[in-house]
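Chains here go by letter, A, B and C, matching the order in which they are written, and residues are numbered from 1 within each.
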Amino acid sequence: MATRTQSLEAPADLQHKPTSLWRDALGRLVKNRLAVVGGIIVVILVFLAVFGPFLTPWNYAAQDLKSVAANHNAPVPPLKFGHLFGTDNLGHDLFSRLLDGTRISMTVALVVQVVVLFIGIPIGAAAGWFGGRIDNLLMRFTDVVYAFPDLLFVILLSVSLKDTWFGNAMDGLLLVFVAIGVVAWVTMARIVRGQILSLKETEYVEAARAIGVSDFKIVTRHMLPNAIGPVIVAVTLGIPAAILTEAVLGFLGIGANPPRASWGTLINTGSQWMSSTPHLLVFPALAIAIALLSFTFLGDGLRDALDPKLRGKQ
Amino acid sequence: MTLTDDDRQTAGAAVTELPDSVDIVTEEGRRLAQQLVDAREHHARKLLEVRNLSTQFFTKEGVVHAVDDVSFELDYGETLGLVGESGCGKSVTALSLTRLVPSPPGKIVAGEIIFDGIDLMRLSKEEMRLLRGKKIGFIFQDPMTSLNPTLTIGYQIAESARIHMGLSRRAADDRAVELLGKVGIPRARERMGDYPHQFSGGMRQRVMIAIALACDPMLLLADEPTTALDVTIQAQILDLIRSLSEEFGTAVILITHDLGIAAGMCNRVNVMYAGRIVETANVDDVFERPRMPYTWGLMDSLPRLDEERGARLRTIEGMPPDLVSPPDACRFAPRCTYVRDVCREHEPALTARDTADHLARCWGTESGGWIK
Amino acid sequence: MTAYIIRRVLWLIPVLFIVSVITFALMHAAPGGPWQREKPLPPANVALLNEKYGLNDPMPVQYLRWAGNLVTGDLGPSYKYLGRDVNDMVADGWTITLQLGVMAFVLAVLLGIPLGVIAALRQNGAPDYAATAVSVIGIAIPSFVLSYLLVLVFASGMHWFPTGGWKGPNTWVMPTVALAAFPIAAIARYTRASMLEVTRRDYVRTAQSKGLKERTIVVIHMIRNALIPVVTILGPIFAGLVTGSFIIEKIFYIPGIGRFYIDAISQRDYGVLMAMTMLYAAVVAIMNLVVDIGYAWIDPRIRYN
C-alpha cells in the first residue's frame, strides 16, 4: 500500500544527498581506475625520491670499477655483483642513479609548481580583479611568452647561464628550476585570471562588495577557493611537462651537472650502449615513461572529477 | 486503383483540396483527384494510434517509468496538445513516437505506435530513419542549440528535401527558399547562405519549423516550441505553426506546460501527470468541464484578469512523485485536496465522463464518486 | 575577417622583435664571451676578433646590426667555426628539416583525428582502447626515448629500417613516427574529447530527427563542430614539432639544420644559437598565425562577425 511519505519523495533526478564539491569529486576520482593507479605510483615516486639514498647500498656517484673489470670491462648486467639494475661502463650503479634521477625529477616537479603557484596565482588574480592596465600588461606579456617556444627559451636561458655560479648552484639544478619555472607560471596566471574574471560577475561577489568586504578578502576568501579546481588540474598536468623538459635538458647536457644522474643524462649515456647493453637505456626510459604516465592519468582523472558540468552526476 | 505512398501522403496532407502542383486538366491530374475522393472514404483510419506505450530509463538509481502505459489517437490534420508539468513524460512520449529516445539509458519497453497504418515498433532502424523527417517532423525547444552552428540554414533546410525527396541541389535550395518565405523570413533567397548565429531566437525557431516541414510531413511534433522565446515572439510562432499546419493539412502534437497555449492551438488535449494520461478531451470540454483535480489545479494556477490585486498565486502543493517505483495508487493522491482512501489503494483507470471521448482518471469524478 | 587577418599579421612584428631582444640579451649575458675555447686563445687574437666582429661596439648598436641583418636574411656568423655563416649551414639542411616536420605534421593529423573520432564513437570498444594505447605511448614516452626504442627494435633488431641517415623513404619512417608520436596522441585525445562533447549537443538530435544516415550525421554535422577546438591546439603542436625536430635529427643522424643547433648548444656557439633560435621562433610564430587564421575561417561564428 502506498504511503504518503513515499510518494512525497522528490523524483530521482531531484534527489541529492548533500555532498560538498570535494566529496563529489573525490568519489568520481576514486572510480577512475587509471587515475587511482596513477595516484598510487605518484606516491611511490615521491617516496622513492625522499628515501632514495636509504634504499640502496650504492651512492649514485660511486664507481664500482672492480665489478666492471670483472665483467670484461663492460657494463655490468642487472642482478650481477650486487647491482640490481647493473652498472654503466664506469661502474655507476644504475639503480642508485635512477633513484637520484627520481629525486631530481620530483624536486623539479615540486619546485616548479611552487614557483608557478606563488607567482602565477597572485599575478593572475591581480590581473583578473583589477582589470584595466594591469590586465592588459599581463595579457601582452603572456602573448609574448607564448610566442617564444618554451623549450627554445629554456635552452637559451640554460646555455647562457650555465657557466656562471648561478648555473652551477645546487649541481646545476637551480638553473633548471628557474628556467622551467619562468615559463610555466604564465599558463597558471592565465587560468587564474580567467577564473577570477568569470567569478567577478557573480552575485555573491557583488554582495560581498556591498557589505564592504575588502578586495583582498574577496579574492582570497571567496573567489580563489572556487577557482581551485582548474588550478589543481593545471598543476598536476604541468608536472609531466616539467619532468620532460628537465629530461631534455639533461639529454642535451645542460641540465643537472654530473655526477648527478638526471633521467635525461642517463638516457643519453644509455643510448651509446644501446646495442650491447640495452638495460642502460631501457630502465631510464621506463622510469620516465612511468612517471609521465602516472601524473598524466592522475591529472586527467582530477580534471574529469572536478568538471563542474558533472556535478551531482555519477 | 491502388494508392501509392505519395498519394497517401498527398491525401493525408490535404483532404479538402488538391496540392497546387497537380493540374486537374491533365489525365494524371484527373486520376489523382479521383484517388483523393476515394482516399477520403478510407479515412476511417486515424493517422496515429498509440497503444500502451511504455518508455523506461534504466539508471543507477533504478528504473524510471517515464511513460507508463500511454494510449491515445490522433486524426489526420488534427492538433493535439500534450499538457503537463516538467517531468510528466510529455517530451519522452514525443521522442518515443519517433524512436529517438536516447538509447542507453532509455528504452521503449512496450506498446504499439501505429502511424498511417504502420506499426513503427516493428520497423527496422533503417526503415524508421527513412520515415523521420519525411513523414514526421520535429521542432525542438531551444532554437539556440538545436541548429548546427557550422552549416548554413539553407543547407540545413535543403538537406531533408535532398535526402527524402530526392531533389537535386538546385531544386532543394529552391524549396528551402520557398519554405523560408512561408515561415516568414524576409529576403529568403539572400539569407540562405547565412549561419544560425546571424539570426535572432524567434527567427531561428522559424528556421526550425521550415526544417521540420521541409518534406511536407503528415505529423509535426512540437516540443515546447515557444518556451525558450520572448513572450512577444511566442504568439507569432504559434500562429505560424497553426497556419502552416492548416495550409498543409499537417497533424500536430503540441507539447506544452502552458494551458493558454493549448487552449489557443489544439483540437484535443491530453493532460499528463507522472507518466500517465490523466485526462483527455476535446479542447472545449477540457477547459469548460475538466473532470480531474489535477486539471483543475492547472487551471486554477493560471493568474486571471478578474482577480483581486495582491491575491496570492495559487499553486498545487507538493511535488511530482518518484517515477522509479510508482505505487498502485492514484499518482496525484498526495497532492489532491479531494483524496480519499480508495485513491491511495488502487489506481483509477481512464473512464468516460459526460461524452465518450472525454476520459479522466479519477475515482472521485466517476459516476457515483464524491466529487460533483 | 580581413581586419582580423591583418591584425594578426601585424602582431608578428612586435612579437618577433621582443623575442629577438630577449635572445640577444640572454646570449650577451653569458660569461666568457664567444671566443672561449678549451685552449684559451691569446689575448691579441681575441682583441682582433672582437674588432672584426664588431663586438666592441655598444650593445644597442650590436643589437641593431644583428637585428637589421636578420631582417634582410643574414643570419650571422658562427663563432666557433670562423669563416662559416649560419646561412650556409641552414641552406644545407633546411629542406630536409622542413620535409621531416611536414611529414610528421601530416601523419599526426591523418592519424590523430580519425583515431579520436572513432574512439569517441565507439566508446569502450576496441578502437577506443587502441586509441588510448596510442595516446599512452605518445604521451608517456618522450620523442628521444621513443627514437632509441624504435631503433633498437626495428633497426638493430629486425633490420626493417636503417638506423639513420636520410636517403630514401626507408630512412624517413622511423624519424617521422618518433617525431609524430606525441602530436598523434595529443590530437587523438583532444579530438575524442571534443567529439564526445559534440555527441551531447542538441543539433545532433535535430539531425537525427531529420532521418539522416548516421554516417552523414557524423561526417557532416559532428566532425566539423568537433574539429574547431582541435584546431586551437595545432599551433602548440606545431611548435612542439619544430622544437622536437632537432633532437630527432641528432639521434637519427639526419642532415637537417638541427644538428647545427645541438652542436651550438654544447659548444656555446652564440652566433649560431642566436640565429637558429630566431629562425625556429619565426617559423613557430608564422605557423601559429596560419593556425589562428585557419581557426577563424573554420568557425562561421568568427568568420561572419
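Couple of notes before you dig in:
Note that in this section a residue touches a chain if its C-beta (ideal position, glycine included) is under 8 Å from a C-beta of that chain, and two chains touch if they have at least 3 such contacts.
Since this is a predicted model, take the numbers as computed values, not measurements.
Averaging C-alpha coordinates per chain and comparing to subunit A, the farthest chain turns out to be B. Summed over C-beta pairs in contact, the chain pair with the top total is A-C. Distance between subunit A and subunit B, defined via averaged C-alpha coordinates, is recorded as 55 Å.
Work out the mean CA point of subunit A and of subunit C, and you get 23 Å between them. Multi-chain contact residues, meaning those touching two or more other chains, do not occur anywhere in subunit B. Every residue of subunit C that touches subunit B in the complex is listed here, in rising order: 201-203, 205-213, 216, 220-221, 224-225, 228, 298-301, 304. Only residues 98, 100, 129-134, 137-138, 140, 142, 145-151, 159-160, 163-164, 194-195, 197-198, 208, 211-212 of subunit B touch subunit C when the two sit together in their complex.
By the touch criterion stated above, subunit A contacts subunit C in their complex at residues 143-144, 147-153, 155-157, 159-164, 240, 244, 247-248, 251-254, 267, 270-271, 274-275, 278, 281, 285, 288-290, 292-293, 296.
Touching subunit A in their complex are the following residues of subunit C: 11, 15-16, 18-19, 22-23, 26-27, 29-32, 136, 139-142, 144-145, 148-149, 151-152, 156, 239, 242-243, 247, 251, 262, 265-266, 268, 273, 277, 280-281, 284-285, 288.
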